Amino acid sequence: MFRKEPVLGGAEIAALVTMAAAFAIPMITKNVLVYSVLNQALVGIVAAQSVWIMLRMNLLSFATPAFMAIGGYTVAIAGRYEITDAFLMTALAFLLPALAAVPLGALVLRLRGTYFVLVTFVLSQIMQLLLFESESLTGGSNGIAGVPAVTLLGTEMMSNRQVLLFACGIAFLATVITALLTRYFRQHFAAIEENEILAESLGLVVWRYKAVGFVIAAGIAGLAGYSLVNMLLTAHPSSFSSESAVDFIAYTIIGGRGTILGPIVGTALLVYATNLFGTHGQYAQGLYGILILAVILAARGGIAGTAAAAFRRVRG
Amino acid sequence: MKHSRTPLAAVLTLFTPLALSIPLDLAATAAQAQSCEVKVGAMGPMSGGAAQWGLAMAGAAELAAAEVNAEGGIAIGGKKCKVVIVPYDSKYTADGAAAGSNALASQGIKVIIGPVGSPEATGIKPVAARNEQLAWNAAYAKNALEPKFPLMFHIAPGPGTWSDAMVKHALQSFPAIKSVALVAPNDQGGTDIASVDAVAYRNNGVTATEEYYQRGTTNFAPIITRLLANNPDAVDTASSPPGDAGVIVKQLRLAGFKGPIGRMGGPGTEEILRVCGGIDVLRDFYWFETVAETEKVRDIDNLYRKLVGKEPPGGTALWGNLPAARLTMKAIANAGTAEDASKVAAELRKLAVDDPNMGKGVWSGQKQYGINQELFFAFGVGIIKDGKNLGVTRMEPGT
Amino acid sequence: MQQFLQAAVIGVSLGAQYALLALGFTLIFGILGVVNFAHGGFYMLGGYVAYSCVSLLGLPYPLAVIGAVAATAALGWVFELYFLERLIDDHLATLMLTLGLYLVISTGSLTVFGPLAMEFHFPVTGAFHFGSIYVPKENLVVLVICLTALAALWAVLFRTDLGRGLRALADDRAVAMAQGMRPKLLFPAAFALATGLAGLTGALVTPILALSPGVGDPVLATSFLTVILGGLGSLGGAALAAFIVGMVEAYTSVYFGGSIGALVLFVLVLLLLVFRPTGLLGREVRGA
Amino acid sequence: MSELRVEGLTKRFGGLRVFHDIEFSLPPGALMGVIGPNGAGKTTLINVISGRQPPSGGRVFLGGRDVTGQPAHAISRLGVGRSFQQTNTFKGVSVRENIARAIRFGRRGIPQGLEQLMGQFGLIPRLDEQSDKLPYGSQKMLGLVMAYAAGPKVLLLDEPAAGLERSERDNVDLFVDHVRRVGGASVLIIEHDMDLIRRLCPRIIVLDAGEVLADGPPAAVLARPDVIAAYLGDTEDAA
């Protein structure tokens, strides 16, 4: 009656296959615009996955940019001392924000949903101010420019294609972690999202799963920060503003908060659309606003959720 | 538990990254095959608080292109080619400018007019170098130019070049100034300029204190109270955005500050007058004008209306950016190509700095940045005394 | 000493401005349970509507303020009725809806009014001087209007049927509806009341400071701080917290400079929130 | 086996005192009822014992161990399960998923005779139906089955029969009997249905104005004039 959960569900497999397919793109084309759009999308996907993990428990987090900054600046500062090894930096970019999320999580996770949203918003504002005030460590308002390229197994990933391939790698790794985490704890997260009190009365240690989600989401955000800094070769405060948190939340909600495919679909389409705006940047934010209204009112499951539901109806 | 719950969603997203790449790829290559066209990029913040500076950068590029196209275009390989400007909104952020460089590079654009702000300059330099693109930035950052980025040019000198001359001139109109308090945002756009201005003041015997505020502040009363505590003779708004500077002036006068107010930073006097409540509120004001305003310089706006057929973007930024755009067009013509940035750069360095509207200028930047790739035209020092605009005094480059 | 008193004067005027904003924000959350991300947008809209009335329609300033309040209240009413009403119980959905609205408003105003600051001045200028302390007249006007708005709001909530209905809905919606409170009428009224207050603040403050597309952004962060400190859903708490935030901002900025002031404020609120999650006077907020 | 013992338990909300000095012990496998007029603090009593709300005073012991003030998940892990007044299930998912989660969170494997219990309440044919689409009665029983599925040693039932049809109320008897006989757990029932209380409970406690008015076998307790005056006087219709 109660079969063991399959390690990966349909959506998770589709997500992993999609992210694997992304590796093919730098091989097929040398078009730098495609590289740029895809690289931005990959950074956005990883950040949106960080938001998505917390959304599994109905917790909307604005703190993604703060943890991205920790990951990004770790890499930039290490770059000053010529430490650029891919595996070491990937581990650090994940672990440092995750470690920072432990005390922060203990502070923040006791709060009811609405307070959680407000506090994470305040957290990302504080991170911006900390970056400005810590001149010696983070270069203050100028940030850290000229971050050296990643070295993977001895080869320096200098060219556009190599940078993109590395971004694909980070995004794939993040998707693996996110898929395993949200699949293994699917029932726990879903129970917390829907009825925390009932779950706790049955014995679920709610705060522990919230903490695990918060810490791993912070690590994933750190990876996004690493990928962003590697793309720009600079770590600059303006890249980690609280406005960017709004973008990642929009990607996840519009893409579809119900499935791991949501952040992927939402980010890919919205980053692609924003680049089309190129010249009229100011309308991009307006587009996000309209899309959010449309999704919340008409298609609660977002793009991926609605598509899945449509397919199920068709299949009957 | 059915095995795969979302097969269609899976199929849909399986091809998203692939699907997206193909149309982009086609669009890019197709455009080039049409009639002979020379594409030049234009970049700057076209949304948010600094939008006016970005739109002015794109405007300068459009005007220079319109002038060249009026005479049939640029001679490339024996044929006259039409110059097309491709604008990109870099949103005043480092990653915005980097994304812009990639976006323009993919359309084969190797020459960019812009970006504008310090964060954008920081963001674009490494990426433009990787894409082998020539670019002009108008940032006042200390590292606006660097020897290791030979393809980066600077549209106008930062405070390091003109602040000393400006302080001397301001002291002639307002000899009473013995101490000054500088106010600017606490990010790169503010600190880089205010700190250099402070050095210029100190070199001329004026004690200078720097006061930084959080960008996005709307009420400056607390900062002003802090400033006036050691009652400075003058207050300098350096490179704070015009909107903020207008409020600072209004609240300074409200607080009873009678001394002169200075602005050794970006343009915006027109907007400051509009926000603070007019010239009699401003009363005593000295400001750095990127452009020494003359009849011929103001004529640029008419030229813009005639050739581009639209209203010019407000303020003086359009004028300051135009010479760089014109020289770039000339350099592309001399180089006979817009594909090879280093060739265009080599031609550019050979050109004399002489603009039909702005008059004569010089290449500068060696002292300040160690690379002589900065246009230095006559700038202006505007003076308003006792509520009367005494106009902008022309300061020749190198004074 | 002069600095100390001057900082107090500034703190009070900041407090008045933040109180007007925080009241609307708390009202919406207390009664509808909605975190209004578009609050800064309504503030900005109030400024632009007042500006348009004065400069385009040539109306006298007081009429323009009334126009601004009416316009923002109407938009609030319509938005609640046709957008928020169906999803009122889903805190996340309403939060995202107001976020979407904010993005549309700020992009719209940038497109219509352009990026530059508008020429928009408060009719009353100048300041009273007591020795070296100055009290700008316009701030006094705003302070007076703020106190009257506070009193009027208090009267509406505690002395009228509409108010009694709103408070009943805030305490326990199911019971209130069982006794005939019609949320179809009261919810839009509450939302309109709150957005009208934000519009009023915009119409009053933007001529004193500056009116440009970006003025809405910092309003959100300040409203959050004020409301967290005061306790979500508590009007008294929000008003008290607004003056505290005003004072803290004034004194930290005067004595420590701009950027550190903001940091102190944020960290203070973060710590308080964690050790007293209901804020000063708020009650245990309903689970999202 | 573990005995639930409560000593001097008190709960105040600000000035309002909900109940004070509640004393009783529930030996392993025992069954006890708690009755009292509305607002006597019965549900709050369960919330405090199960750890959902902290007590203002007094002690709670489980198998001799002091568990006062521990969080709900800890007390649940120690074996104190509870059900909720309204039907409390995970609405958006199937019956199967609801029960699977209860088992997984309880971490004590599949309790004795669970499938048999589910069969008795007609839940087996509805395993893949969404829980909030079930008729009210079935949802209520699903809530009880989930509480049992978490493998409790002590089960606190908050008005299990509330809202059930006459015919469905026997299910509560079946459930309580199964929980004690097969599951070996002790049960505390809060209920208004006096027939059910009389039928099932060998011992009842009457709560009134925050105090234990009476504690003993129903026949004796319900005959006492002060109990009748305080409680039964006004609800004669509880036929």
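Order of writing sets the chain letters: A, B, C and D. Residues in each chain are counted from 1.
Heads up, the rule we're going with is that a residue touches a chain if its C-beta (ideal position, glycine included) is under 8 Å from a C-beta of that chain, and two chains touch if they have at least 3 such contacts.
Since the model is a prediction, treat every value here as computed from it, not as a measurement.
In terms of the distance between Cα centroids, chain A is separated most widely from D.
Comparing per-chain C-alpha centres with the mean over every protein C-alpha atom, the closest match is chain A. By number of C-beta pairs in contact, A-B leads when B-C and A-B are compared.
Averaging Cα coordinates per chain places chain B and chain C 36 Å apart. For this pair, chain B with chain D, the centres built from the Cα atoms lie 73 Å apart. The geometric centre of chain A is 32 Å away from that of chain C, both derived from CA atoms. Along chain B, residues 47-48, 51, 186, 214 each make contact with two or more other chains. With touch defined as above, residues shared between interfaces to two or more other chains in chain A number as follows: 129, 132, 282, 285.
Shared interface positions of chain C, i.e. residues touching 2 or more other chains, are given as 110, 259, 262.
Every pair of chains that touch is listed here: A-B, A-C, A-D, B-C.
Looking at the complex, you find that chain A touches chain B at residues 3, 5-6, 9-11, 13-15, 17-18, 21-22, 24-25, 28-29, 31-41, 129, 132, 140-143, 145-146, 158-160, 228, 231-234, 236-239, 241, 256, 259, 261, 264-265, 268-269, 272, 275, 277-282, 284-285, 304-305, 307-308, 310-312, 314. Contact residues of chain C toward chain A in the complex are 29, 33, 35, 83, 86-87, 91-93, 95-97, 99-104, 106-108, 110-111, 221, 224-225, 227-228, 232, 259-260, 262-263, 266-267, 269-270, 273-274, 277, 284-288. Across the interface of their complex, chain C is touched by residues 58, 60, 107-108, 110-119, 121-123, 125-126, 129-130, 132-133, 196, 246, 249-250, 253, 282-283, 285-286, 288-293, 296-297, 300 of chain A.
Taken in their complex, chain C has these residues touching chain B: 3, 6-7, 10, 13-14, 17, 110, 114-119, 121, 125-127, 129, 132, 134, 136, 209-210, 212-215, 217-218, 249-250, 253-255, 257-259, 261-262. Within the complex, the chain A residues that touch chain D are 1-2, 187-188, 190-191, 194-195, 197-206.
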